[in-house]
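Shared between the two complexes below is chain A, which has chain B as its partner in the first and chain C in the second.
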Partner chain A sequence: MTDLASSDTPTAAAVAETDDSAARLHRNLFIAIAVLLVVAPFVAYPVFVMKVLCFALFALAFNLLLGYGGLLSFGHAAYFGMASYVSAYTAKNWGLTPELAILLGTAVAALLGLVFGALAIRRQGIYFAMITLALAQMAFFFSLQTPRFTGGEDGIQAVPRGKLLGMISLADDRALYWLVAAIFMGGLLLIYRIIHSPFGQVCKAIRDNEPRAISLGYRASQYKLAVFVLSAGLAGLAGATKAIVFQLASLTDVYWTMSGEVVLMTLVGGLGTVFGPIVGAAVIVAMQNYLAGLGSWVLVVQGVIFVACVLLFREGIVGVIAKWIKKPL
Partner chain B sequence: MNLKTLLAATALGALMAAPALAQQISVKAGVLNDRSGIYADLSGEGSVIAARLAVEDFKAAEKGIKVEIVSADHQNKPDVGSTITRQWYDQDGVDLILDVPTSSVALAVSQITKDKNKILINSGAGTSDLTGKACSPNTVHWTYDTYALAQGTGGAMVKAGGDSWFFLTADYAFGHSLERDTSAVVTKAGGKVVGAVRTPFPGTDFSSFLLQAQASKAKVIGLANAGGDLTNSVKQASEFGITQGGQKLAGLLTFASDVHALGLQAAQGLVLTESFYWDRDDGTRAFSERFAKLNGGKKPTMVQAGVYSGLLHYLKAVEAAKSKDSAVVMAKMKEMPTDDPLFGKGSIRVNGRKMHSMYLYEVKKPSESKGPWDYYKQIAVLSGEEAFQPLAETGCPLVK
Partner chain C sequence: MFELLGVPPQALFGQVLLGLINGSFYAILSLGLAVIFGLLNIINFAHGAQYMMGAFVAWMCLNYLGVNYWAALLLAPIVVGATGIVIERVFLARIAKYDHLYGLLLTFGLALIIQGLFRNYYGSSGLPYGIPPQLTGGHNLGFMFLPTYRGWVVVASLVICLATWFMIEKTKLGAYLRAATENPTLTQAFGINVPLLVTLTYGFGVALAAFAGVLAAPIYAVNPNMGADLIIVVFAVVVIGGMGSIMGAIVTGFSLGLIEGLTKVFYPEASSTVIFIIMVLVLLVKPAGLFGRTA
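Let's look at the complex of A and B:
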């Protein structure tokens, strides 16, 4: 790769320049997102914004795996859902403070990701997707069959929001909002950092051409496992936070449709773009919420949007914008 | 003279206007249910129609109460339901929520309703936890619960001669609890449980389980399942000719909408418990006629009837209390006896349990049915006291 670049110096300089301007654009975008996060609770309903943020983080985590690792997992609901169960259970029954409950949920999801990932990355493409789906269904059945832990189909209800660090009460929506916004922003920055680190470069290389990356001396399966665990952990972070926000954890979160929903969010927003999943999550969650009055038309509208998305802008909303301005987003 | 008349008229006008102004209460009711999934036929738009009819019959406008009805689809997802509920209470000024099928959503909504001090009149959900360990001073559970269904189908069946049972149980917590509750009732009533089989959930092929049930020679096969599992197992049972062979099928969570979807050919002989059937008496028939006209010919289910009856009682309580303060209205609702053409006379217990009769029905044979929607014949009636869980056993902290 270095050989190619140095043999064509003008292009390399041009690339460096676009990289530079892209970095500047990204920095500005991060500032814009931060400003939006501050303004949002005053404009929109805070609980709704928190829901969008949780799902956006979930979609970001998923996109890290699919967009940058090239691995289509169809079982991300398992990490999201199990983390939300763990966080809800420990906050309610062990009386853990919310930050500990969330951390514990995240850790369990990462551990689950390690086990599932180690099994799944041995296969590729559709087989990988099917194995992750099968393992996630096992997690679903575990949740269904252990009502003592998960509350069966009633879920874990009335989870206390508790006090952050044992001091700040999160009962008020606004107070909780800042915590969720901070978690979201932290997750986003972490994912951005991962993507643009040498580790992320290798992941992208493996995504684009695995045999070549192996021939260059990279241990592809270790990289894949690492990105899988990171993605599972971040999905868990989103799920665990959601449990505290809604004060409940239920089977919906571990069911396979949740895995499908996150794929939909990522595709609508823009696969392999940094900011796409946020837009995708906002669109899907807003539809679920604001079209709720339309009744059965929600599913039809969702379907139409998905079809339109696939037919008209396959790169997703943000992907299309990135193409227009000719800069990676 | 003219001036005097004018003055008198003004004074009279002012006198009349004053109480009218004082009484002007506006109430916003939210119907939150499943409008696109498996419970859409059971609740859905029909519940909204029922709520509108309740407002119409109450003659709210004449009584100085302005009622607005909003509705939304919770898609059977607790997080969607909980976001809508919070938004309704915090932003949209909703005073009470009606219906809410799906136990997980109902429990979440009940919890938020308690936190925000509003009112939930639940008609659609089955879990008896709503008036048990998860009971709330802000929740009334109107139409039915799994305990009452077990009492009706289990207890009354045994009395009617079905004293040996075999269960076909969907293998998850809900199925297990249906089986456990009904077995207890059957045994207590003097019946015997000869066996049970757990079926994978969700299931499509029930043939081997049905053959097992048939071979058990039990008089009653209890179907401890719901939704798709129920329709599949009933259809396959009819293919095996189980009811023609003399065994009875008992649906432990079966609604008129399920029977309608199955058709009489498949559903005939199925025994089930409901708290409302459109063709019970003149009152229910008159209501159902009006309802069907607005709902594309479909008769109301018990859940939709419960929404009507619950909202009507709430409005009566608001009128009597001259206030819409949640605590005041709830106290009035529990104090006043309930009475309407659909559920007859009843009352609300301290734990929020609405008391009324439950009915054991058997689905007619196609030859017995006189027309569309003529589905049930009544086998037994249980009074509220017989059907619902005794207060002391509920484990509700509100019961002292």
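Let's look at the complex of A and C:
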């Protein structure tokens, strides 16, 4: 497990030396991201930026589990997709305001993560990946077979964007953008905080050497479950927001290809880096936009990127940059 | 005619047979996964795509070369197995020294490429493949009608599974394989060419998947997506059985197919999820899997 996600853990001496400057660098990066978020809707198509932000948050959530919990989930589409169904359904059929619909979707995803996570952490490594994938496929079949809730093959369409807190209309893309940007920034800061909290440190310790962490008195499975639930909940937050942005929740969101996509985004950006998943999501979403006309070739291109990344580019974009500047990103 | 638990026997045995057929595919595929995992320590995500390739090679043999089913049954595993050997040499051998999860990611990428390519050239609607003339028709067994081809699939898979078991557990080559699984370094020290063994093992596992694909071609339409969903079910089968034992994989595969078939009769709504539910139960009761050693 050590090799897969340890690009953020250089030697102890290097850590002490760069800790301070790294923290400063991270602070500057956060400011830069905030500035970018403010500028973005004026230079780019807001819906595209919102799509990137939703998937970036999804990839960040996935990376929290893989990069810092050392757990490769191949079924994160379940939390993303289920939250997107819940938020779309409640916004459309119960008339919930968007913030409540999104919160409810997030809560359901976290709850699903609690159940699936408790099962999956009973096994490790490759089995863990297979179990999460199988459980997610179960969620997919559930969605397929309950068209009263999910709309079956059609999905839930024409979800109203509604009014934030019942007052501010989100029908305009610009208005909605600020909500999405705030959710993204909140999610990013939360994840950063989790990673650098004592809890996050213990998670990393368990990732690197589980028997040792257990011998130090940490209950490894409880930590794993906690990080799993956090990751599932944040993936749900991304999915629920996506449903409001595109006014659509469909089977694509729960299918295994979506799980594969989030793995790909994180891999391209850099496993186990804080900022990598954002870059990876931007690259993959942009690529999908460009290649949308090519049909099945998108699948081939994604596969080629997968293979190329694993063979030649395991650190990912941000991982390589972090290596150059010798600071964790 | 008599009825069993309120279900006409025709329907019951029909589904049992269909369940056994699915079970044969589960057994062959999980057997291949287990053999590959044993030596390479990776989960071959491309297994479903390679199963699909087997069916396609059979279809191509028939439609482009006029080669019949029986030859394809031998030829497709060889051709697809050869591509597996290339994949192992070119890709998998290079990442063997890294975390095993990279193997999963790499083969996932390969699965996307293979599936995407076939979908581009053949669409996703499926191509028909006729039952070979020797196996058309069926027999009336009194309590049910047995289509000859379906009976053949079950028998052929059983034979292949048992032959694989015999080869691994009872022959000298199998002994090398088991030794290399247990301790590759020591095995190599005894003068056995382990890298070659690894390559051949991957090729063999892939060939098994292709064989299942040819068997499946006349039953299901030959379709680029035929392996994608199947492989996830097979993963669940592997989790249930555990990958510790060859016989375990065979028994688990067939019995889960059977259970799935019975679920289709008595509670069809759950038929697509029953295997996943069993996986959950097994994880709760015996996390290592029914035949697994603790991993």
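Just so we're on the same page, the second predicted complex is superposed on the first by the 294 of 329 C-alpha atoms of A that agree within 3 Å, B and C clash if a C-alpha of one lies under 4 Å from a C-alpha of the other, contacts with A are read in each partner's own complex, and residues count from 1 in each chain.
As a working rule, a contact is a pair of C-beta atoms (placed from the backbone, for glycine too) under 8 Å apart; a residue touches a chain by one contact, two chains touch by 3 or more.
Everything quoted here is computed from the prediction, not taken from an experiment.
If you count the residues of chain A touched by chain B and by chain C, you find the higher number for C. Shared-chain residue A:A182: touches no atom of chain B or chain C.
Within the superposed three-chain model, A:L119 lies in touch with chain C and out of touch with chain B [touch as defined at top]. When both complexes are overlaid on chain A, the residue A:F246 reaches chain B alone and has no touch with chain C. Contact with neither chain B nor chain C is seen for A:I214 once the two complexes are overlaid on the shared chain. Contact with both chain B and chain C is seen for A:L299 once the two complexes are overlaid on the shared chain. After overlaying the two complexes on the shared chain, residue contacts for A:Q145 are found with chain B and with chain C alike. With both structures placed on the common chain, the touch criterion links A:W256 to chain C but leaves chain B unconnected.
Looking at the shared chain after the overlay, A:A34 reaches neither chain B nor chain C.
In the superposition on chain A, the residues of chain A contacting both chain B and chain C are 144-145, 295-299. By the touch rule above, chain A contacts chain C in their complex via residues 1-4, 72, 74, 119, 122-127, 129-131, 133-135, 137-138, 141-142, 144-145, 256, 260, 263, 267, 295-300, 302-307, 309-311, 314.
Listing the residues of chain A that touch chain B in their complex gives 45, 47-48, 51, 144-145, 147, 151-155, 157-158, 173, 242, 246-248, 250-253, 288-289, 292-299. Put simply, chain C touches chain A in their complex at residues 37, 42-43, 91, 94-95, 98-102, 104-106, 108-117, 119-120, 228-229, 232-233, 235-236, 238-239, 269, 272-273, 276-277, 279-280, 283-284, 287, 295.
Per the touch definition, chain B reaches chain A in the complex via residues 35-36, 40, 44-45, 70-80, 82-84, 86-87, 90-91, 103-104, 107-108, 111, 127, 129, 134, 171-174, 201.
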